[in-house]
Each structure stands twice: as structure tokens, then as C-alpha cells.
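Can you read through this structure? Questions will come right after.
All chains are identified by letter, namely A, B, C, D, E, F, G and H, in their written order; residue positions are counted from 1 within each chain.
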Amino acid sequence: MKQVFDRPQSLVDVPFHFCPGCHHGIVHRLVGECIDKYGVREEAIGVASVGCSVFLYDYFDADVFEAPHGRGAAVATGVKRARPENFVFTYQGDGDLAAIGTAEIIHAANRGEPITVIFVNNMVFGMTGGQMAPTTMPGQETTTTPFGRDPKTNGFPMKMAELLAGLEGTTFVARAAVNNIKNLMRAKKMLQRAFEAQINDQGFGFVEFLSACPTNWKMTPKQANERVNNEMIPYFPLGIFKGEAN
Amino acid sequence: MYFDSLIAGFGGQGVLLMGNILVYAAMEEKKHVTFMPVYGVEMRGGTANCTVVISDREIGSPIIQSPVSVIAMNLPSMEKFAPRIKKGGLLVVNASLIPEEEVRFKGIECLHIPSRELALEVGDERLANMVVLGATVQKSGVVGMKALKRALVPALDPRYHKMIEKNIRGMERGAEFVKHGS
Amino acid sequence: MGMIEFRFERCKGCGLCVLACPKELLSVGSVTNRAGYPVAQIDSMEECTGCAICAEMCPDVVITVFK
Amino acid sequence: MGAIEAGCRFYFGYPITPQNDIPEYMSRHLPEVGGTFIQAESEIASINMLLGAAATGARAMTSSSSPGISLKQEGISYLCGSQIPGVIVNMCRSGPGLGGISPSQGDYFQATRGGGHGDYRTIVLAPHSVQEAYGLSMKAFDLADKYRNPVVILGDALLGQMKEPLKKYKYRKKEFKKDWIMTGAKGREKRRLKSLYLADGELTDHNWMLYKKYQRMKREIMFETQFMEDARLVTVAFGSVARILKSAVEMAREKGMKVGLFRPITIYPFPYEALDKISQSVHNFMALELNTGQMIEDVKLAVGHKKNQVDFYGRPPGSIPSPDELFQEVKSVYMKRIG
Amino acid sequence: MKQVFDRPQSLVDVPFHFCPGCHHGIVHRLVGECIDKYGVREEAIGVASVGCSVFLYDYFDADVFEAPHGRGAAVATGVKRARPENFVFTYQGDGDLAAIGTAEIIHAANRGEPITVIFVNNMVFGMTGGQMAPTTMPGQETTTTPFGRDPKTNGFPMKMAELLAGLEGTTFVARAAVNNIKNLMRAKKMLQRAFEAQINDQGFGFVEFLSACPTNWKMTPKQANERVNNEMIPYFPLGIFKGEAN
Amino acid sequence: MGAIEAGCRFYFGYPITPQNDIPEYMSRHLPEVGGTFIQAESEIASINMLLGAAATGARAMTSSSSPGISLKQEGISYLCGSQIPGVIVNMCRSGPGLGGISPSQGDYFQATRGGGHGDYRTIVLAPHSVQEAYGLSMKAFDLADKYRNPVVILGDALLGQMKEPLKKYKYRKKEFKKDWIMTGAKGREKRRLKSLYLADGELTDHNWMLYKKYQRMKREIMFETQFMEDARLVTVAFGSVARILKSAVEMAREKGMKVGLFRPITIYPFPYEALDKISQSVHNFMALELNTGQMIEDVKLAVGHKKNQVDFYGRPPGSIPSPDELFQEVKSVYMKRIG
Amino acid sequence: MGMIEFRFERCKGCGLCVLACPKELLSVGSVTNRAGYPVAQIDSMEECTGCAICAEMCPDVVITVFK
Amino acid sequence: MYFDSLIAGFGGQGVLLMGNILVYAAMEEKKHVTFMPVYGVEMRGGTANCTVVISDREIGSPIIQSPVSVIAMNLPSMEKFAPRIKKGGLLVVNASLIPEEEVRFKGIECLHIPSRELALEVGDERLANMVVLGATVQKSGVVGMKALKRALVPALDPRYHKMIEKNIRGMERGAEFVKHGS
């Protein structure tokens, strides 16, 4: 018997600190698989955001360092301009990228910085205990929307993929999910395209991952996966919004 | 009178709820009390914990370097916090998740509570934390059982007030286990 | 034809693998690891096709698959 | 709770451990009293929403912890420049950078000297218990309106996360002159709020006026002293360090050491005169802080000019000293200085 | 003979400090005319941004106050939430709104704050001496793009109207110009719609005014007007992007 | 120019009067030497681009003026927390808020005490002429690399807009240990740069290490003294105030008054010892500043402990004192103290 | 039929009114106001229709129009 | 030797260029010199100005409260700055834009330069500022005409170097006007 599935080399062999059923773990592995696939571990420079994924530097066997909350896109701009030959990627949550980091991500995308952005949208602020995020669903209860998010006062969930796809500077913009095997396989393809956009010097690559956060959704991992299907995907349609499939 | 307890386990074992009930129980008996939860990243999947200090004098620091008692709901929290217990202190162990042989601490009193089994007896596995709480209060006598039960009302979110009855039975079962050894 | 291995201490008992296996060969029992999580297990290895779907869906890279 | 009791009807904030209890509480309870809660997109947006609401005369508040407070420094400078009231709560966590979520007093300079640009000061209140925080929250809104200036409440992660029994009490409503607020020029001349003064000398006069206002704030100085009667060594600490130090000083007293405790409640305006008066009789002081030396500069400025001795114990943020540890530190200084 | 055109009452009768041929003056007057038309002078609370329009409070006979650079949308949110019965508007430049204020304007629009935003896009940072703005044209020389804006490193001009129209929270989003009488008359209509969006409690109103800045474009007012026609309007199409015409 | 001469190849900035000459100069001249200029979308984006570029070992710089510097405080705290070098230039303008564009020294506390959160310090250099600014720019990059810490150059609107003849000179390249930079883990272990330390006590140790580093910076203290030989009154000022004061002191000397001038060039680390030594012989000091009293606290901390007298002249930002005005102030203090 | 008036001191001589007038009645001469700006003027008032286009296009609200 | 001059006018009159030329001229003669422009909002349409200080000793403040000389290119700047001139100082007035009767200042020397007419004589109205500069240097003797002309090279952006000839003729016409009174 031959081994057909194993941990990607670029992932350090340590346990994740994530809660049971958290999709951060899956997305981390997909990123590791892409780094292995394109052999960029030694060129990779990762920019960790502030959220449940803040320990990115513990989990990847590559140079990774910390950006202040929301500033990943600006930090990565500085890195890529200083070392264009390196593979530069950021891994950011929905609070980090779509709330405090709105200006930074939009302007990095508008400048067409040739970086790869992994955006985990789990509809809450995970690390700080489940507050409303810009992507929280209307009516969704969080610790700062105890009566459910009211679009009239808190606005509608923000569709970052569509928003960034509208900027001329972007090369590849897509949205994926990892809540079932079909979506997960498609997600792999999309992430590969985003990697290629940088590796082939085409430009700015961005993949939004709809992700479950069972702890703050107060759901079991099974229910959380279902919620991604029933609630998230209808509002946040999956697909490639800019650039072609590989 | 002075008592403090560090209650630890992994997220979802209702560790902070146990602390809150103890706090309201102390307030019922007009005692000084402080409650200090440890939130943030350690709580994710790791050990979540809180420290309750009860005294009849003003309380200084709500964080205790070497607590008088520790309630360990799972193995990692026992390993992390039991060594800090003051000489002659009390370690309450959730025996359902922590095998007997793992508990090797000298100079302190250890209380093993088969919380899951006792909770199942009373009808609901999720009452494990109430069982341990009842046992600890019975053992330490820090507050009266009456105050402990009455504390459920302010401590529980109104949505869970229908569970008060079951929680009380869980507490009693734990106290009984300490009194009669089974 | 297939075989899978679990890294016992890494499993968090989330059950996503159980959901994903097309052959429904997996389950999360009452056996807990050191961290106190109930661990996933395979009920009949023979029927496993080695498709690795369970491993793909696992958030903690617990399962290694052989074919 | 204190804020709502004092008539605060607008809260703008952004989540950050260890102060999440405040926005979470406000999101539930402000709507109940007809108030408005907004979780803004960032700390900068929240201080500017406060600026907008407060400019119309509303009582508004924002809260955050260290990194978030650093992002509000420009906003606070603008509030001072345009003389707009507001209450800013900082549950100080350990830094610098992301640091950690354990208690710290590393933001003392930022709060008392102004982390923003230009010559400005804010009143800074430093509670050491939940009960005091409740009272000071109400006082903060009065002071903000009285001086038309932002007021900072400097707590820390200990205070931010801890729970203690609280005796609530009624807030006595005070009236303040509101002839400057933005309400629409109906039946009156138009009004303007700005911090830009380009004509020659205009800004100098404006800054003189602000300077005199900051001097007048000296009337609001508050501090607490304990065990001072026959003290030979006076320890100085604020916030939760003062709370831990109290147990340590009690231990020292039990051991017969003549140690006093001086706790500033307003750390701006700092109680220089009070400390100076004490230094007429006591010549040994000791500052204890959860940082590597910030409040000690104010203690030295207060008593440093005569032949007084100012000792220091600093515990860099990241871990909390226990009462015993502080007792050992106080004892070693006492032995060295007094013997 | 009857007077058919005069200074709007809501405009204070003082000279503007703007340079000769600067469109800020025209836009100020259009705003004054709308305030008069809807009789909202006494309810108006204006939020002045930081740029050549920083002296808004000198020019309008209404309560107007100063927001820090880029923060107009957040300040106006605070004002409107505190006094919903007042007419709240901001007047911002392209540096103020599209550079430093990107996050604030997007989130205010996403929350659908019922405020009226007047956005003057003159393709430069006027007040600070003609640096590049997010809306500067490719190839356009400014004091910080001496060799002309290079889209590869400075990105493409940002189309704020299209970007905000994509957010569900917005009610009326349009782009106008005042470089000739035809465009100016259409601009008046659009600004009226943006006023009505707030006055009729429909929601967030936004009008982008393509404007000339002769001084920093190093052009005569005549050439500047032509540039609006030949260069700006082709890239920034005029029209209503959201909400209907009146 | 000094920066480029010292090998700075990355500039990230945002326009603000009165420092626009810097980004405008860099946008033209950096590309000529293969460098990168970005006008970022905001000051926050620019300090974070600096953080990114500097993390790879590149020499990077950003500049702004007061309000923009307030927005960079969080970023500066992170640079200190992760020990990443970088040069930040503040051409201080008058505040608070939008204030004005005339010179000011209102940002002294922000620069020397850290306007951001947490216990951190940055080396702060205060040039008083174009020539000195040129030299200090080069030194700033060496100091930043030597201590792996951001360095602030505090100028003001006078220096920022003024032109003076400049003698250029070659920068002597120094080598610095770069075993921490982000370059991709090729043929070596992976590296990490962070400021988050959550394990018990880990952050305390980290902060102790930073504290010791800040103490080591004392070696870099620079100051200039003039007319000190027989001085009875020593005036203390930095930057452009020191420049104007020099003419005033010359006038005083011509009138026979024994007045000396002490000009700190590094205002962090502040030359406490040097001033203290002087106070063995001279007992009258006078601080002159373009604010309502900030550097005077450091002067008092340096000499305040003996029977020395520290006088003060503060001109709030908004207008610039002339040499005659300063002469009158110095004269009145001289007459009162020395007679 | 129409008539326009200039506020002499307010004009900055930008010439936008001159461009806009459909009848081309306006021009900016060499006469300067206190601030030193050359001021716009109307060459033949009779032909003015009072359409107010010049006033609409003026950035400094210099022109008042009568009809 | 000490000389300072505040040169003011509205944006577009080349006020800052006049200052820059004076600075480079002083540097040609190895003198200490400082140049202080006033940018920002005042400049928009209002009075833009700069101060040049030339001395053989180190210069203290580049901003002068009461300047030795003021060159006013339009009425508002004359009204704003002329009152500050030191007793016995020099006021140079751009007579083309400032009518004679507006100039009523006692205790200082006034020099009226019909800059527009002189510039037209030399062939280009835009040389008005060069005419005034030449006149001022001639009158004050602060730098030699040779140095003033040579200063055009560093002061002018390479794109305008083709204008150097015309600028020199403007300067000379201004100097001649002062020498011969017409």
C-alpha cells in the first residue's frame, strides 16, 4: 500500500490550537499543500493577521511574521516591494480584512500588488469571543448583536470578493468553501490559481474561504457545516469573480 | 474566613459557570468575593479557567499565585494548575476524564469525583460540572448548599432557568457523594 | 484496498470525517485522548476505499490514508 | 453601568480583549434606554463617531485596550483642539505591539502626557475597584462637560475582566452650559467647532486658553492615603497595583514597619502638591508600577527637589505580582532606607 | 426687470479663498442652492473635511464643524445617530474620502447611514500642493508622480461611485461634473436626489463631482475645464449608478 | 538626501504640510537609485509598509507631521515590540487637532515618552539646521539597525520648509547583524518576528530585555554646549528654538550677562547626567520651548533634586518668537536670579 | 431683455463666464481689482438674454442676473 | 553684513522664484543664507510669501518679525507686511498693481517699480518679478548683479533654462531703472 494522503511538509507537525470543527485548520492545510505543490516554501514570506489565525508563524515551516490588526495587506506590500523574488502571502480573518483593514486591502488590490491573500470569512470575530463581523448575517446573534444583526443599523454583510473583483488592479478573485468535499476540491483549484497569479508575475490573487466557527456560532461542527451551506453560500455565492480557472 | 479556588477545564465544560455560581452564592451570604476569568486564546481548545476568591475582608488581588483549592475538569488543566496548590490545599479532580494514576501530588488533599457517572445517574451527562461544584462546596464548606442553589437564578441566563431543577439535583448528588463516599 | 491511520492525540472529536466518509465507516466513540476529546475511529477497515475524503475534511490533519 | 446611569446614550466601540465586556454590555442595555450602540469598523471610526455625537451635546463614550487606544490618539487631540467632551476607557493590556492580554500600566505616559500630537492634556481617572470604576464613570461625564474636554478612564485587564459585588446608586443630574453644540442654526446664529487657527497669533491665544483650562483642572485632583499617621516610607501606586499593594502594606504594618500608602485617583492632574506636603515630614518614597518606570517621574517631580529619596519597583507587563512579592520589595527598601 | 439668479441665502456673503477657476466654488454654490430649495438651512449640520474645502464652516450660514482628515463619514454617522431629525451632510475631497477615508466611507455606506455625501474629485491633493490622489489619471504628473502615475506601481484611478453603488446599504449614488452648463444642470438634479434621499428618510445619498484644480494641474481654468471633458469623463462616466432620477 | 546617502531605498509616506518636500523629493530621486517610493493611502498604511520592508532587512523611512505621526503610534509600538528598525521623521506642526502649519515642539512627550501603548522608547534626534538634519538622517539608520528599534527624527515646520546651503559628504557603510530578517527559509531554519507573548512570564522577560536595550541607548547621548565657561544661568532648548536662542544668548553675552546654552541633540536618551554635572557648579537653569512645558520635566528630573532653580519660558505653538523676544525673557530671568 | 451685474472685487478673472456665454458677450480685460485680478466685463448689455449661464458657471458667485 | 527681505504677492507672481534666485546668488558669494517659504492655505489666491536672510555670520531664525526690506508684488501683501519694516528699512513696490496713493508709510524708503511696463519693454509681461528683483539688488547692493544672473541656473528648473536670457534682460532693466530713475 502506498501513502496517498499525508500532512503537507510546509506545515509544522504540531497540533492546531483551533476549536473542534474549526475550518481554519482545513484552510491552513490547503495553503500548506499549495506551498508544497509550487515548491515555494523557501521563498515564502507569510504575513500573519490578528485573529484566531494569529499563530500562523507556529504552523508553517517558513518565514512568517506578525502584522498589526488589519494591516496585513500594507505590510505585505512593503515585503513584496523589498523582495519581489519572494512568494508573499497574507492570511486574514473577516474582522481583520473587512473591518479595520478595509482601506489597506482595497488599496493594495487597487495597486495590483502581486501578493496572495487568503481571506477566512467565518462571520464573527473569533479570537475576541464572537462579536459581529462585517460579514455577519442579517438576524445572526453575536455577542454585540444580542438581538440579531439589524441591517438598518449595522448594515448588510459585505461581499469582499465582488468588491475587490471590481478593482482593475486585481488579477484573480474567487470565493470558495470547505464545508463539503465538492466545495473543498474546488477551493483547492482556486487557491492554486491565486498562487499562480503571483508566481507567474500576473498580479494580485485573492481567495475568500467561507468558514465555520462552531464555538462562536454556538453550534456543533456538523450544524456549522450545514449553516455554511444553507445560510452562507446563498448570500456569498461561490465562484471565480475575476481571472480564469486553471 | 478566606477561601479561593481556581476552576479549570477545556472550553465547553461550563468552567466559568461554576465560578459564577460560587460568586453569587458568596454574595447571598454577604461575603466579599472576586471572580477573575481567563479569556482569550488559551481558552480555544486549551485550558479555560477562572479564579474565585471569597473572604470576609476586602480582597486584594483577584489573581492567586498559589490557590487554596483547584478544581481540574480535565487532565491538561490539572497538570498546569495542581502544582500551584498551597501546602495542605485541596485538589478536586474530575475522575471521569482524569485517570486515578495521573493524580500524584504530595502535601495536598485529592478528591476524585466520577462526575460523568454521577451526572448520568441524575439524568443528564452535561450536569458533570454541577456535580463537581456540589462536591467541592460540601467538602470545603465555603458556602452553604442553600446559598449555592439560590445562586443558580442570577448565575444562569434566563433562557436556561428551566434547567435549574436538574442543576440542583446534580449539586446534591455531588455533595452526597462526598458525604457518603459513593 | 484502502487503509487509514488516526493520530490519536490530535483528534478533537469534531466528527467532520464521520460525516464525509461515503462508506459511513467512521464514528466518534466514548474513548477520549489525553486532552479529553472523544476520538474518531474506523469501524471496518476492509470496506475503506482509501478515497481520503475523511482526511481532506479533517481540520486537524489527524488521518493518513494508504491505498 | 455607571455611564448609562450618568445619561450616556451613545457608545461606539470595536472588540479587543480584555475590554469586550463593555461593548457587549452596551449592545444589550443601551437600546433598552433608547440609546445607540454601534460596533464601528475600527477604533479610529469609533473615536470619530464619538466626536460627531458629542459635538451635538450628547453624552458619548468609547472604550478599547492599549493598541486600540493608540489608534485613537489623533482623534483625542482633535477633541481637545475643538473642545468637545467625551469619555474614553482604556483597559490597559500588556504591550508593546500585540504584547499580551495580561494587566499592565504601560500606557501611563500615553494617557497623562497625551499620545497624540500637540500640547493637550486630558483628565485621567484611575479606578482600583469595580465599585470605584462605577462611580468614576459618572464623574467622568460631568468632568468632560464641565471642561469641554475628553476624559480618560485608565483601568487594566484585571479590572476589565474581574467581577465584584457592586452597590448601585442614583446619579445626581448637573446642568452644563451647552451654548456651543451643533443642533442646527434655528433661531440663532450659526455655530462652528474647529481646531484650525491660521491667522497670525490666533493659535497661540487658543493654546493659551487651553493651557489655562488644563491648569484649572487641578481642582479635580483626587487621591487616597492609608496608614500615613506615623509612616516613615510612603509607597505610591495607582489602579490594581495599589490594590495588591494594600495587602502588602497591611503585612508590613503587621511586622511593625511604618509604611504608608498614597494612591492617586486622578493621575492627570497629578497630586504634586499633596505629595510635596507629605515630603515635608517623610523623606522616603517608593513608586510601584506595572511598567519599567513611568509614574515615578511624576513622583520625582513632586518630591524630588529636596533631600528626598525615591525608590522604585517596576514589574514589566506580562505577569502580575502577588501581595507577598510586593511585600518583599517594600521590606527590602524599608530595611535599606529606614532599617 | 426681476432678479433671476442670485447668491443662495445659505451661502455667507464672503469671498471664496479658492484659486481662480476652481470648481469647489461652483459645488459650494450648488449645495447652497439645494439647502435653500429644501429649506433645511436651520436643520443642517455640515461636516467639513480637510482639504481646500476645509473652510466650509466659513462659507455656509449653518452649523458646520471640522472632522479630522478622512473621518467625515464616521463623524457624520455620530451626528445623524444623535440628531436624526437634522439634515447631516459631509463635503469631502478625493484624498479625504478615497485615500485615508476609504474604510469610513465604505462602512458608513454599508450601514446605509441616512447622510448626504458631497465628494469633490479633482484628481489631486489640492491643499497640500498637488500630490497624487487615488483618482489621479494614469500618466498624470503630480508632485509625487513626477514621471506620471504608473498604474503598475500606483494602481488605477478609483471609481468611488461604482464602488459605493455596489453596497446594498446605499440609496442614491451618482457622478456629475460642472465643467459646462449641460453637465452643471444635470449635476443640480442629482444633488437634489441625494438631498431627498435623506429628507425622505430613504437613506445614504452620494454625489461625486468631477472638478477642475487649475493651480495643481498647472493649467488655465479653460484648459482645466477641457481636461474634465477629454480625460476625466471618459474614465469616470457621469450618471446615476443607484437610485432613480427625480 | 541624507537618507538616500545612507542606503535608504524604501520610502512610504502621505502628504501633509509642512513636510511635503520629503515625499516629493523621494518620489523623484529614489527611483534614480533603484529605490521604491509609495504614496500610501494613509499614514497608517505607510508605517505598516515600512514594517514590512524593514522586516526583510531593507532600510526604510516614512515621514509626516504631527497629526500623521499620531496615526503611526500603534505601528511604532509594534516596531518596538517585534524589534524592527526604521526611521520616522516628524516635521512637527502646531496642534492640537488640525492646529496650524507653523513650527511647534508640542510633540516632545509623544516622541520621547512613546505616544503608543506599552512600555517602549525610540531614539529621538532633534536637528536644528539643514546640515545637521542631513548628518542625523544617516546616523538614524545606523542607530535603527544597531538597536533593531525605530528611530524618530523630530524637526518642525521651520526646518521642514527652510532651505540652507548644505555640504554633502559620503556615508561610511557599517555592517549590522541581520540574522533575524525575513528572506525566506532557504537553507536555514524558519524565522519569526512577533510581539505576542502569551506564555506565563514570557512577556515580562521580553519587556526586561527591551528595557535593558533602552538603557544601553544611553551611549548614544549627544548634546552641544556654548558659552558655558563662566555661565551663571544655563538656558536649555532643542531644535529651531535653540537656533533662535543662540542669537539671543549672543546678545546677552554682548550685554555682559554670563548666560550659557545647552542643546540636547538626542532628546531620548536625554542627557540627564551631563546636565546634572553642570548643576554641580551652576544652579540656575531655564528651559525654553515652543509648547507650554514638556522638556522642562526632563530638565527638572536632571537637576531638580538639589537646590537648583529651573525657570521656564513657553511659547504655545502658533507663532515663532524672535531672537529679541527670547533675549528679553532670558534677561528678565537673569536679572531675577543672578542680578 | 436681460441684464447682469458683476461684484467687481469678487472676480478672479478665471474667464469661465466668458467661455460659457452663448452670445459671447463677455471678456476679461486689463482692469484689475484690489486683489490684482483682471476682472470680467460685458461688452454689450443689450444683447444679453438674461439666461444666467455665465452666473451658473462662475466659481465665485460674482454675477447677478436680471430679466 | 546683514540683509533680509520678505517677498510677497499672490500665487503665480513668481514670488518664491525671486527668493530662490536671491539665495543662490548669496551662495555664489559664499555668504550664510536661509530661505523660508510660507506655503499652505494662505497661498491659495491669498498672499504667498518667503523670507530670505543673507549674512556673513551664522543665521539664527530664518523668520524675521521686522524685516529690513519688503518686496510687495500686490496690494494685499503690501498692506499686510509693509507695517513690519524696521525703521529706515526699504519697501519695494510693484507700481503696476499698487497705485502710488496707497503707499503711505513713514520712516522707511519706498521704491516704486512699474514692473509690468518695464517687463513689456523687454518683451514679456511675465518678467515683472525679474525686473523688481534686479531693482531691489541694485538698490540694496546685497549681492552683485553677476552673482544674481549666475544664480538663475541652479534656481530655475532645467525645463525653463531657455528663459534665462530673457530673465537676465528683465533684471538689468530693473537695475537700470533704479540707477537712472526711468
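Simple rule for what comes next: a residue touches a chain if its C-beta (ideal position, glycine included) is under 8 Å from a C-beta of that chain, and two chains touch if they have at least 3 such contacts.
Predicted model only: the values in this text are computed from it and were never measured.
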Min route length, chain touch network, chain B to chain E, equals 2
Note: of the two pairs A-F and B-C, more contacts are counted for A-F
Outermost chain relative to chain F, judged by CA means, is C
Distance in whole angstrom between the CA centres of chain F and chain H is 35
Chain D to chain E, mean C-alpha position gap in Å, rounds to 40
In whole angstrom, the CA-centroid distance of chain C from chain H equals 86
For chain C, residue numbers touching 2 or more other chains are 12
Residues of chain F that touch at least two other chains are 17, 20, 38, 41-42, 44, 67, 74, 78, 82, 97-98, 101, 194-196, 198
Note: chain E residues in touch with at least two other chains are 18-20, 54, 66, 68, 99-100, 102-103, 107, 111, 127, 129, 134, 153-154
The chain F residues in contact with chain A across the complex are 10, 12, 36, 38, 40-42, 44-46, 48-58, 60, 74-75, 78, 82, 182-187, 190-196
Within the complex, chain F is touched by chain D residues 44, 66-67, 69-71, 73-74, 77-82, 92-102, 104, 106-107, 109-110, 113-120, 194-198, 200-208, 210-211, 214, 291-292, 294, 297, 300-301, 304-305, 315-319
Counting only contacts in the complex, chain H reaches chain G at residues 9-10, 45, 74-76, 97
As the complex stands, chain G meets chain E at residues 2-3, 9-10, 12-16, 19-20, 37, 50, 52-53, 55-61, 63-67
The answer for chain E against chain F in the complex is residues 50, 54, 66, 68-70, 95, 99-100, 102, 125, 127-129, 131-132, 134, 143-147, 153-154
